[in-house]
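Take a look at the structures below.
What follows is chain A paired twice: with chain B in the first complex and chain C in the second.
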Partner chain A sequence: MRRFLKIQAPALLFRAVVVLIYAFMFLPIAIVVLVSLNAEPYLTLPPESFSLRWYRQVFTPTWLPPLRYSLVIAAAAALGSGLLGGLGAFAIARYKFPGRAALQAFLMSPLSIPSIVTGVAILQFATMVNLQGMLGTPALIVGHIVVTLPFTVRMIGISLFNFDRSVEQAAANLGARPGQVLRHVTLPLMKPGIFAGMTFAFIVSFNNVPVSLFLVRPGATTLPIEILNFLQYRLDPTLAAVNMVSLVIVLALVAIAERAGGFTKFVYGRS
Partner chain B sequence: MAAPDIVLRDVTKRYRDALAVDDLSLEIERGEFLTLLGPSGCGKTTTLNMIAGFIAPTAGTITIKGQPVTDLPPFERDTSMVFQSYALFPHMTVFDNVAFGLRMRKVDRSELRRRVGEALESVHLSGLEKRYPRELSGGQQQRVALARAIVTRPAVLLLDEPLSNLDLKLREAMRLELKALQRDLGITSVYVTHDQDEALAMSDRIAVMNRGRVEQVGKPEEVYDSPSTLFVATFVGDINLLRGTVESSDDEGLAVRLAGGTLVRTRPDRERQRGDAVTVAVRPEKCVLSVAGETEGANSLPARVVDTLVAGAEIRYRLALEGGEELVVAALNVDTSPRPSPGTGARVTLPQAHCRTFPAA
Partner chain C sequence: MGLPPTVFLLAAFFLPLAFLMVLSVYRFDAGLIEPDVTLENYRKFFADSFYLAGLWRTVRLAAIVSLVVTTLSYPVAYFLTRTTSRFKGLLIALVLAPELSGVVLRTYGWIVILEDRGLVNTLLLDLDLIDRPLRLSQSFAGVALGLTHVLLPFAILAIFSTLQTIDPVLERAAQNLGANRVRTFFRVLFPLSLPGVIGAFFLTFTISASAYATPAILGGSGFHVLATMIYQQLLFFLNWPLASVMSLVLLVTVLIVALIGNRVETRVERALQG
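Take a look at the complex of A and B:
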């Protein structure tokens, strides 16, 4: 008994806590799955009968265009954020210049400013400088790049700070010109950080509401905004089905990025 | 005689507030294995990095095989470096690591395969071509780094403490192997280390560095047996130091009165004069221990055994002279040597030819 209390009880307690944490994270998703399969036009748990009818709703002109639009915006934001964040991180990690700390703080600042303020600010700025024409796709991409920059700067920055500079010296020593060092050594070693940062950027952009709210044009809205609009008037299992479809798409994209970039090891440490 | 392969002339590297390398001149012959030996911060690695082109000298010129390279970037110099951290490309296989330099030189495929194969064979790594560096042991990674450096047949091989991350047994084995490989290839090599055993075992010549300057350049036995400064004497090998004052100086040698009153005769040295404060230096294994009461010869001094330490092949005795000075005597651990026990009296002979004097530190 004593042995149980001393050795096994804490271990069991630990396991129980872990199970509860995972349950807290994944049960809501399980509930969404159940709701999306419910045949009735209202939310009941557990469902009384099953049907795929709500999934048919997803593949209609109501939901497909916003879904596609969100994917395009997220892809563009991830690319732009990866490029700008990569350049910023490279400058911060590799060069000493006046204002280096300020630049880093500036690039990270969207994390500490409520996104809704960023959204309003971009809208006001566009109006002030008479660039209302930019609202819609260009403004959305710019806005999403701003709020995703902290993720790419930080992820790519980590990959650069963990970098053993002597491998670059070794490459130069073996006859590689600066461009070749970058192509054959530096970029491949930054790749996990770039992919990790861009994946975060993609997800953050895909889910973004507060910035998009101010920058979308009527007629071309992102999926989260469309969901918000829908919620104002109705609540039926269509939303659950929409969520499931977008979740599967995002998970598939993350899996592809992981295969290409191998960043699991990067994010969770080398195994 | 051919021109030296590497010539450093008046090379200086000054950082904002520190002089890393101070007016260093050095010539390294073709096929020679030269070691830069010194404590950390003495400028040896900075010097190596200036030869490789990673650091630009503040002043002075560097010439490799007759070509001035002072202003050339690393990738235009015909040098190969083996880094202390190995600096293998973690995202490339062993084959691709070794092939890197050849690919940069646009060597065609069949020759590339052949030369990579030869290089891996010469470091006994054939069969591991498809492995990644993280899948190799430290010793194997070290060999990959070596193969990668020699495969391009560089004019100069630069080695930055390449063995310091290996354990003792492997390090000693690799010393011999590395030296044999270097001799077979006949490649001019500059080796940086702070390990005097390594330097003595491997080098054709050793340049002992201290505070950015070369204190002495010479064959291992010259540096060990005839150190030109007190720093070299103490940094390379163990040595006893006895403080005293010169009483007389002539062609036969110096007579030095130690602080405790003992008189020691040393090698002649024209730079020391009567009244100079000096340090007498003599290596432990040059001193001869005998039992008390034996014949008194030159520099045969009465002493007391303080303690003894059996260090494998030799026994080290710590002795106290009558004046209180302590010194260590190393004797071979053989049955014929006298073995006075601690606390007993003994005699120690300091052969005059091995007693050197330096200005008192």
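Take a look at the complex of A and C:
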């Protein structure tokens, strides 16, 4: 027994702590799953009967437009962020020039500014300099590109640092012109990073609250803001179903990105 | 190649930020914004105990949350680094999953658990442990709990990515030289991972100080932190200059804390390199 306490107990305790923290992380998500499938408006544990009635409410004119709008904004933001972030990452990784570190810091700077301040600043700027026409869709896309740019720069950067430059030299030695090397060698090797970065940007934009909060217009609201507005007043289980639908979309994207060349390794990887 | 993203950020990010600073010194008079330079908005913020209490609540909340989050993250990050399980990839993905599910979904889950007629209160009432529902949501503790949950994945991944870079040979060497597990941990592994821990602490501080959704929903309408006060000034009272001042106060708070974090991190790293 004493031997057990000395050698096994700490290891078991450590395991138990880790399991508990994992459980804590999944508790609210599991609850939302249960609420969305529960037949009654109030959740009792264990649920007495299940139904898909709340999911039917998702595919109605209340929730489909914000869902569609969020998808469009996220796709546009991911494209813009992937393009600008790809150019930035390429410049940082491939060219030696004075101020390279400064460029890196500059492109990462939106991360150190609270996103809510970014949202406020863009709203005030667009309104005061008479660019109200920009509010709504254009401002949302621009704002989301700003806050996702650091992620695409970093994730595409990882794919650039991790690859063997000699492959490019080999292609050049075999007579490929610089444009051909870029198109047939460099870009394909960067693809996993670009894809992972754009997926991440898509998800950050799709879930975004602090920037969208100030830039949506009445009648054209993104899904998280619409849910937030509803949440202030009542707890309708339809909200749980809506949340689940958006989670499934995100998880499907991650699964595709993981298959296409890796996703998680770019999220916690270091360049 | 670096030009397009630079120009984009200058126009879409730095120009609006500069404009925010300008607006903070404009006069707000009877609902109109006049371009006269004044420090009135700053005076209004720093002379009002209501606003100062909001600032203090923001800092206190962020400090508590980041301390708890960093502490809870370490064991998980350590576990992920050392596990030899063939499900390691899956276990890492599982940490990432809550982060991907968005803050709104998780806040919703917490309301169902914490509200007056929620799961915890129903359970405690059924067990006759309490007579009246506990005030779990609409409270500081509820907001802190929700934020802790939101930020755990960030901190775990930050600490994990540092722990990964530490050569396991160092630990074995310490043990071969006669140090037991606890000693090895506190004398070798933990000091080496300190930069990651400090980074995680300050990262979570920044994010929780600027969080909007969790305080707004789990805190209820009477709960004020800088983020919710900014929202109110901007969209209800339409006092944009004051909203600018609050935004700048939040920005400066976060930057000061980040600066301290950077300093501490460099010190620790320098000390480690001996």
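Just so it is clear, the second predicted complex is superposed on the first by the 235 of 271 C-alpha atoms of A that agree within 3 Å, B and C clash if a C-alpha of one lies under 4 Å from a C-alpha of the other, contacts with A are read in each partner's own complex, and residues count from 1 in each chain.
Simple rule for what comes next: a residue touches a chain if its C-beta (ideal position, glycine included) is under 8 Å from a C-beta of that chain, and two chains touch if they have at least 3 such contacts.
Quick caveat: nothing in here was measured; it's all calculated off a predicted structure.
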item	value
Touching partner for A:64 - first (chain B), second (chain C), both, neither	neither
First (chain B), second (chain C), both or neither touched by A:210	second
First, second, both or neither for A:185, with chain B first and chain C second	first
First, second, both or neither for A:21, with chain B first and chain C second	second
Superposed model, chain A: greater residue contact from chain B or chain C	C
Which superposed partner A:12 touches (first chain B, second chain C, both, neither)	neither
First (chain B), second (chain C), both or neither touched by A:52	neither
Chain A residues contacted in one complex by chain B, in the other by chain C	none
Contacting residues of chain A [partner chain B, same complex]	164, 166-167, 169-177, 180, 184-185, 188-189
Chain A-touching residues of chain C, taken from the complex the two chains share	1-2, 4-6, 8-9, 12-13, 15-17, 19-20, 23, 33, 72, 75-76, 79, 89, 92-98, 100-113, 115, 117, 119, 122-123, 149, 152-153, 157, 160-161, 165, 181, 206, 209-210, 212-213, 216-217, 221, 227, 230-231, 234-235, 240, 243-244, 247, 250-251, 254-255, 258
Chain C contact footprint on chain A (complex, rising order)	10, 14, 17-18, 21-22, 24-32, 35, 42-45, 84-85, 87-88, 90-92, 94-95, 103, 106-107, 109-110, 112-118, 120-126, 128-129, 142-143, 145-146, 149, 153, 203, 206-207, 209-210, 213-214, 224, 227-228, 231-232, 235, 239-240, 243-244, 246-247, 250-251, 254, 258, 264, 267-270
Interfacial residue positions of chain B with respect to chain A in the complex	52-54, 73-75, 79-81, 83, 85, 87-91, 100-101, 104-105, 148, 152
